[in-house]
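In the two complexes that follow, chain A is the common piece, with chain B as its partner first and chain C second.
After this line comes the complex of A and B, so read on.
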């Protein structure tokens, strides 16, 4: 998931649009999570908000029976087949949502400050590796924290221009020093 | 020009002059001055005109509570602001200011005639004066009142400034950086918790800025202040914010702050916001808001030069400005005596200290005597003189309740103090209860509802030592509540100016109180007489007195007038103050710009607009757009010279004759997945789903528990355990929420999961007799011939190389397909289809054509042909109900007597007698156009269009008992004429559905 730098975002925080990758919404009973871990090849975290990543695959627990999965796009079909194989005995729902969202990566010492412009949650409580479904300027987003100064925002496609525009406005505002 | 600047006093930078203008005259002030302090330094007291009587006015305070010195400020196009408080606005090089509410000039104002006519303008005068004749209200009275109401000019240009917002979490938020706030900060900060200290002023220190003579811990007040701010500023866990007003205190310790960032700068930095709204969630809050001095109420207490004694002290000690050379002090509180001493020490000749009290501390009397200041105790003030500036005050002794002989004392400033009112505004926002202190005649904070601590003068304490100690107490309590303990912080205070005082209703007078212009609310021009009149005319609660007199209803929210108004009302009613009440304080604490509230929501960022992946193509091809829910959708695609009517007719014709292409991406999509998916669908939708085979789809109808139609859409069964549900564009979120609600609360046992896929797919609809011809060569993985892929089929395949979910469905009555591809490919697929469709003259169409084509077929639009009170039977789609199903949402309601009643409004077709007339949607329908008014309306037109295919107008309507009125003629009365129309079925075009069967 190599981020490429998009121009037109002057400011202390680098804002980049992440190229397409495979993204799934997994819904499965918490009791059956082991089967899902096996199919995905990654041990799924079981505490809400927590994430896990290895070998190009990543998973975050977003709700009591909900996980967000990321993988390399070329592995999409392979992953769907792996899940389909155990669906008969372990019911679940794996929905491909690669195109539903656009992901914005932000990096910089002031990234959290930039998010605080329109994200109402206490970002200090989202530790690196965690994820949370929240809002940014009234648009629903999933916020992933990759490091102290590194976040990703997953935004529904049609809300992306609105969210991205405000990030750019606010990034310029940060640059102004006021 | 006389300078009233006092050398070696004040905190302004005397060596840094700042030029600005007021009413076109250039003035010089110093860096650190406000407009008010700089004008006063130039001997200018006259800064405005009163609202109602247009009396000359000068600043009465030195802070944000200022009711009089309201000015207009400007710095170029769009940057004009009316009603700026001169006592708050800092000066910068080139600042342009002007006075308000005057014509032709501030010194000579024609509107001042109102002052002579003041008897006409008593409380409630609008209601009394403008009653008759009734016909005058709209044309004469109301426009007059509206013009007269409100100070200043409303800005007319677009505001070019940028406004920002931020969320902030902290452990302890301290509001007010006076001695109590700073002491709280010192106590709290040492524990390492996150502390935020805000203050509305340009610099922190509060009352310490006006009281340099006090000593704290062996240091002069200002040295201690500097050291303290330096210490706090260096702590990583402390954030100090100046020019930041806590404007509102909301639930669960959410505090709104307005931070002014650039209004004090000569040059506006690029991209810097003018103001920023902070939404702070604090675990603990310390309110150190202090107290506001009360004016005394007596005839002529509003002349320029009459001001609060504490303000004069602030102008002297903080800004180095003497407000007059011959001030007279008029007071009922010890604090004003110190103002007199400071002014005398700065070289002013204090005319007298007039105190309403008989017994004064001996120490004060001695200090006055030492300075040669005459003291008049047990006195009242009964008048002042001076038109544009106070010239004298008339004082009388009061002995045994009798007002004695008057004496006039010359003065150029009259400094009053009627005691102090603790600032309860933010505490009051929390709806915490207030406690009436009958001894001091003040309200104090009572029972708390939030995690907050009130410290210092804000809870009635007086003296620097007392408030410092109280601040430590509050700060300690705050961190203790967070589970921390902190070391005791102690202060050793010297030269503290403690004291006390009394409060009054209007001061006693030997003249007619009815003729006294004794002001309570300076901004709204309310006098003591108005309050008494309101009581005489039947107002019993302070809330009624307030509304009748407008006392406290100006932008200062009665910071200085509420308590005086209450004292007088309670006297007039002969009731204790708490029985008369206290008006409610509401956010914002001080006037706040709309910009601060709007934040980033302006221009292109004003409101979120959702666009489809194909939107850019539509825009490039000249589409007209319409908003649908949050989306904008292509409405029609006009060619050069085409009207909307022409474009829509062309699009309809092209689609029916060959092929039309339509962006249906906004349709809501929900993936219903799991072994119990079919059971869930059976329970949610009216239709039966069990026998629907994978690869087939069906029209689904969703009701509410009340049996009324909520949503509809075509639903495909992808697998035994997977449905692809579509919803209306506007209903997507609502339907998903409704489904989740049932799933989580009613049927948690069902193994089924819901995922929104609206934005995963771009959806392109192809309709028309050539649809298959166009599509077939592009499809791989499924045979879409008529037999292999009949109407209401769905398959996974590829279309033009893109993985796809392909539906054969129709919302037009023509052969139709809907191609879903991953959203990122939507535009590419559209272009390929346009390219491939050239041979068939493919025609892109918008939502208007979609509406016409579906209306010709009688297909309903949720929210247009239904309004939340329409049942499936009413809408003529009872066939969509699975009669054999044991249950579904809304089933039970469908058998209620009123739901099965025969006279319910039914959806019917309407054909106008004159085929050229297109009815107006929303028009009312009657049976007899000749009946007397008001006519009995039996329904309304829901959909109405020109049908190009039929060469006439068509309409649908909800009509009472409509299904039994077939072939009857009904009437639609319109302005000037009445339209006759015949009731028909709703399917106007191809009722047999032959056109779907294209081979």
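After this line comes the complex of A and C, so read on.
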């Protein structure tokens, strides 16, 4: 309660901006998901919310026919070519969205508490490895949970200043003892 | 806050992720040019405005982004059931609680 709070005090949760990497939005019929798994080199999860990661690549199922893919930035072209090869037989859409979003990583024992400031979703039901599209103070975000105390928040660039500022304010409030 | 069960996500999620999208089960006429002005007006604007159980469309816009249908009691504001788009309206004589 007596903690000294300055405007720049970091707070109990570490907030970092993740350096650039490749992000894709994949839309493909659920029946054809096997072809996409082969092209991406990772078995895509089929249940909404579930994720899968291997060798620097990760995929999360966000909707019945929608996946979010992450990879190393230098593999961007390679991945797009792999998908282009089976597009004639299996129609799908692979959209590069690397620059659309900025990712904030959150780590700390009170990370879930910090998120609950503006995230209406029940965080206890999002287990490590899962991802959900949801809202953060009315800005649409994708929430990824990497561990019990480790989250990532993918925010559209235009919403980023608002979301980041709010997280910093809430983090300072946690530090102040509220 | 209302909690709404999304039949695609199979999860009960906060109302803030959803958007209301009007009455459900209103089929667009296959050939609008054959309709009289009155019939076209009815299709566009005339709704049942039910007092009680109402079938309506919702969209899980900040989630899986899918449209689905819901039965909601307009008096109590309680959701009785949600179901996938394209499925027939469930029988409301047996009232089921939302999962």
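As a convention for this text, the second predicted complex is superposed on the first by the 169 of 178 C-alpha atoms of A that agree within 3 Å, B and C clash if a C-alpha of one lies under 4 Å from a C-alpha of the other, contacts with A are read in each partner's own complex, and residues count from 1 in each chain.
In the analysis below, a residue touches a chain if its C-beta (ideal position, glycine included) is under 8 Å from a C-beta of that chain, and two chains touch if they have at least 3 such contacts.
None of these values were measured; they are calculated from a predicted model.
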Practice item. Examine A:157 and indicate which partner it touches, taking first as chain B and second as chain C; both and neither are also allowed. Key: first
Review point. First (chain B), second (chain C), both or neither: which does A:38 touch?
Key: neither
Check your understanding: Which one hits more chain A residues, chain B or chain C?
Key -> B
Exercise for review: Pick one for A:57: touches chain B only (first), chain C only (second), both, or neither.
Suggested key: neither
Review point. A:124 contacts which: chain B (first), chain C (second), both, neither?
Key: first
Check your understanding: After superposition on the shared chain, which partner residues are touched by A:138: those of chain B (first), chain C (second), both, or neither?
Key -> both
Check your understanding: Touching A:101, do we find chain B (first), chain C (second), both, or neither?
Key -> first
Review point. Touching A:92, do we find chain B (first), chain C (second), both, or neither?
Key: first
Review point. Can you pull the chain A residues that chain B and chain C both touch?
Key: 120-121, 138
Study note, to complete from the structure: chain C partner, complex, touching residues on chain A are 48-49, 62-64, 66, 120-121, 125, 132-135, 138, 140
Point to revise | Contact footprint of chain A on chain B as seen in their complex | key: 162, 164-169, 261-262, 269-273, 279, 281, 600, 604-605, 608-613, 630-631, 671, 673-675, 721, 751-753, 755-761, 822-824
**Study point:** chain A-touching residues of chain C, taken from the complex the two chains share
**Key:** 1, 8-11, 13-14, 16-17, 62-66
Practice item. Report the residues of chain A in contact with chain B in the complex, numbered from low to high. Key: 20, 25, 27, 65, 87, 91-93, 95-101, 116-122, 124, 137-139, 156-159, 161-162, 165-166, 169-170, 172-173, 175-178
